[in-house]
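Two complexes follow with chain A in common, the first pairing it with chain B and the second with chain C.
This part shows the complex of A and B:
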């Protein structure tokens, strides 16, 4: 048997356990210790605005205690997910300069807490990213723009980012792929939730058929197409009497389960520092919504050795599954796939 | 998102004509108070007066109209806010203190990092639960 090559670093994000944290069933420290106990690291990703009160100014006591728990558990900080809140104010968007200050504070705190990557979001323009480059270099934190549904690697906005990063060739500006960008269906657990909550069978049929229509058309490459699709979903929800929460259906349908071909990831792999292994729910050892054999083939072919966070998002609607069990199953599935491609996923620090 | 958790069970109170209930965030990360809007509270179909609606968070009981400029004050993920408002005398008279009541909370949250094309994305969420009125503490 041929020896396996060293693959990516296994990890998880505290986002996977949002429901437990949100419901007060576990503190951040409880979640981190359970991640370590279950062997779901060594990589650990945190969302600043989720887990840390007064982010990005949590105070000296927090900084000390966070470093202590990382030492205690042996986990490795991979990515600090920061938020590009351009729409913070109701009267206007933040200006270019305000955005730079807002992001710099978060990048600097990511550095202080030991994170080598800050995940940033699409509300950043290539100009803001370029302006943040000196901040990133000084903090020694790579910036990874998340490519999340409904965007995709070949969306013109993402292409503009890629071209800028390639031109600057800094080693600090790149991407964080999110596997929800490249789905092949709607998650079975979401359909189950619809049935549990009395969504009529006819409405479910219409929603699934519309998803397939959008899938045959491919990932949207402009705002109006995305807007039109969201309107179609909201229209179905409203028709069946779910008008109050129609936008929620539209966000799920058009914002979470993207239509891009996994092969598109190849375009950007040379600029990927970290990855969101987004998934919506494991069924019999397989993730039916994000086609991991096809996605991980790209990662294997390109020899990716960065980190991947298993990012469970079924909690949005699924209040019956244990998220730690979900992450266990997802990581096992990925390890098996990567072994098949000749790679040993790194599960130790 | 997680709208099943918005209304906290066991938190419905009636103090004089003021109805209140604890509200949990239907989102995964802290939001500025400027993100909170379109607050609605009703019981058995009787809505509290819109101009009376208040939002108690971080120790301050804000009138709904005070929230939009507060972009440096934060609603943390694990903190419940108290949503309150005034019922009419007729609505209060109709409430049987021992009975179950149909409670509805609605709220809008602007998602500050998502541009929906025509401005920041506004998500409306709501929860309906059957609750008893708790005795005042």
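This part shows the complex of A and C:
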């Protein structure tokens, strides 16, 4: 048998266990210890505004205890997810300078806590990213713009980012792909939840059919297309008497389960520092919504050695399965796929 | 979707000296500035409450519902409760049941879809809760 090549670094994000944290059933420390006990690392991703009180100023005691638990468990900080709250004021958006300060505080704390990457999101223009470059370089933290449905690598906004990053060629500005960008269907567990909560069968059929129509048209490349699609979904929900939450259906359907071809990831792999292995639920050892064999083929072909967080998002609707079991199954599936492509996923520090 | 079913639980309805209070968990997966709340509306036992009969309590501070959207330095942490106080003129009765329709709209300050327009998150729930002792 041929020797396997070194693959990506396995990991998880505390986002996968949001429901347990949100319901007060686990502290941040409880979750980290369970991640370590189950061997779901070594990579560990955290959302600052989720897990950490008073983010991005958590205080010396927190910093000390976080570093101590990383040392003790052998987990490795991979990505700190930071947020660009440009609309936090009602009277106006944050100015360019205010945004730089708002982001710099989070990037600097990511560095203090030992994270090599800060995940940033849309709201960041190429200009703001470029202005943050000195902050990133000084903190030695790479910035990864998340490409999340409904965006995709070939969406003009993302292309503009890529072109700027390539021009600057800094080694600090890049991307964090989210696998929810490249789906092939709606999650079976969501459909199950709809049935459990009395959504009429006709409405489910219409929603699934519409998703397929959007899929055949491909990922949207402009706002009006996305807006039109959301309106179509909301229209179906309203027709069946779910007017109060129609926008919610629209956000779910058009915001979570993206339509791009996994091959598009090839465009940006040279600028990928970290990855969100987004998934919505494992069924019989397979993830039916995000086509991992096709996605991981791109990662194998391009020799990606960065980190991948298994990012379970079925918790939004699924209150019956254990998120730690979900991550276990997802990581096992990815290890098997990568072995098939000749790679040994790194599961040790 | 998103964490809607965690905003209220069976222990959420409490007594205050002049009415009832709902203990709320933020209906989103991260902490948000209180300014992210666009509006709150409550129907209590079939009666819609006037906005000035409610106030919002968080981090030891109290705000009128008019003031809430301007609190952009007050963070609602994921694991903390905020309280919607309903001022009814007299303390609620422990052990009594109330049917409440709770409606809250958030705007997510980091998800600007087009200039000045942010992705909303709307929770609309009707629940029957027992007043806790």
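Methods note: the second predicted complex is superposed on the first by the 349 of 349 C-alpha atoms of A that agree within 3 Å, B and C clash if a C-alpha of one lies under 4 Å from a C-alpha of the other, contacts with A are read in each partner's own complex, and residues count from 1 in each chain.
One rule holds for everything that comes next: a residue touches a chain if its C-beta (ideal position, glycine included) is under 8 Å from a C-beta of that chain, and two chains touch if they have at least 3 such contacts.
Worth saying up front: this structure is predicted, and the values here are computed from it rather than measured.
Q: Clash or fit: chain B against chain C, after overlaying the two structures on chain A?
A: Here the two partners, once superposed via chain A, clash with each other.
Q: Who does A:272 touch here: chain B (first), chain C (second), both, or neither?
A: Neither partner.
Q: Determine, under the contact definition given at the top, whether A:85 touches first (chain B), second (chain C), both, or neither.
A: In the superposed model, A:85 contacts both chain B and chain C.
Q: Is A:334 touching anything from chain B or chain C once the two structures are fitted on A? First, second, both or neither.
A: neither
Q: Touch check for A:296: first (chain B), second (chain C), both, or neither?
A: neither
Q: Using the touch definition from the top, say if A:121 reaches chain B (first), chain C (second), both or neither.
A: After superposing on A, A:121 lies in contact with both chain B and chain C.
Q: Who does A:135 touch here: chain B (first), chain C (second), both, or neither?
A: In the superposition, A:135 touches no partner, neither chain B nor chain C.
Q: Using the superposition on A, tell me which residues of chain A are in contact with chain B and, in the other complex, with chain C.
A: Looking at chain A, the two contact sets intersect at 15, 18-19, 21-24, 47, 49-50, 53-55, 83-90, 93, 121, 123, 223, 244-245, 247-248, 251, 316, 319.
Q: So in the complex, which bits of chain A are touching chain B?
A: It is residues 15, 18-19, 21-24, 47, 49-50, 53-55, 83-91, 93, 121, 123, 223-224, 226-227, 244-245, 247-248, 251, 315-316, 319 of chain A that touch chain B.
Q: Provide the residue numbers of chain B that touch chain A in the complex, in ascending order.
A: Interface residues on the chain B side: 1-5, 24-25, 28-30, 32, 34, 68-69, 71, 74, 76-78, 106, 110-117, 119-126.
Q: Show which residues of chain A lie in contact with chain C when the two form their complex.
A: By the definition above, chain A touches chain C via 15, 18-19, 21-24, 47, 49-51, 53-55, 83-90, 93, 121-123, 223, 244-245, 247-248, 251-252, 255, 316-317, 319.
Q: Please output the residues of chain C touching chain A within their complex, sorted ascending.
A: 1-6, 25, 29-33, 35-36, 69-70, 72, 75, 77-79, 103, 107-114, 116, 118-122, 124
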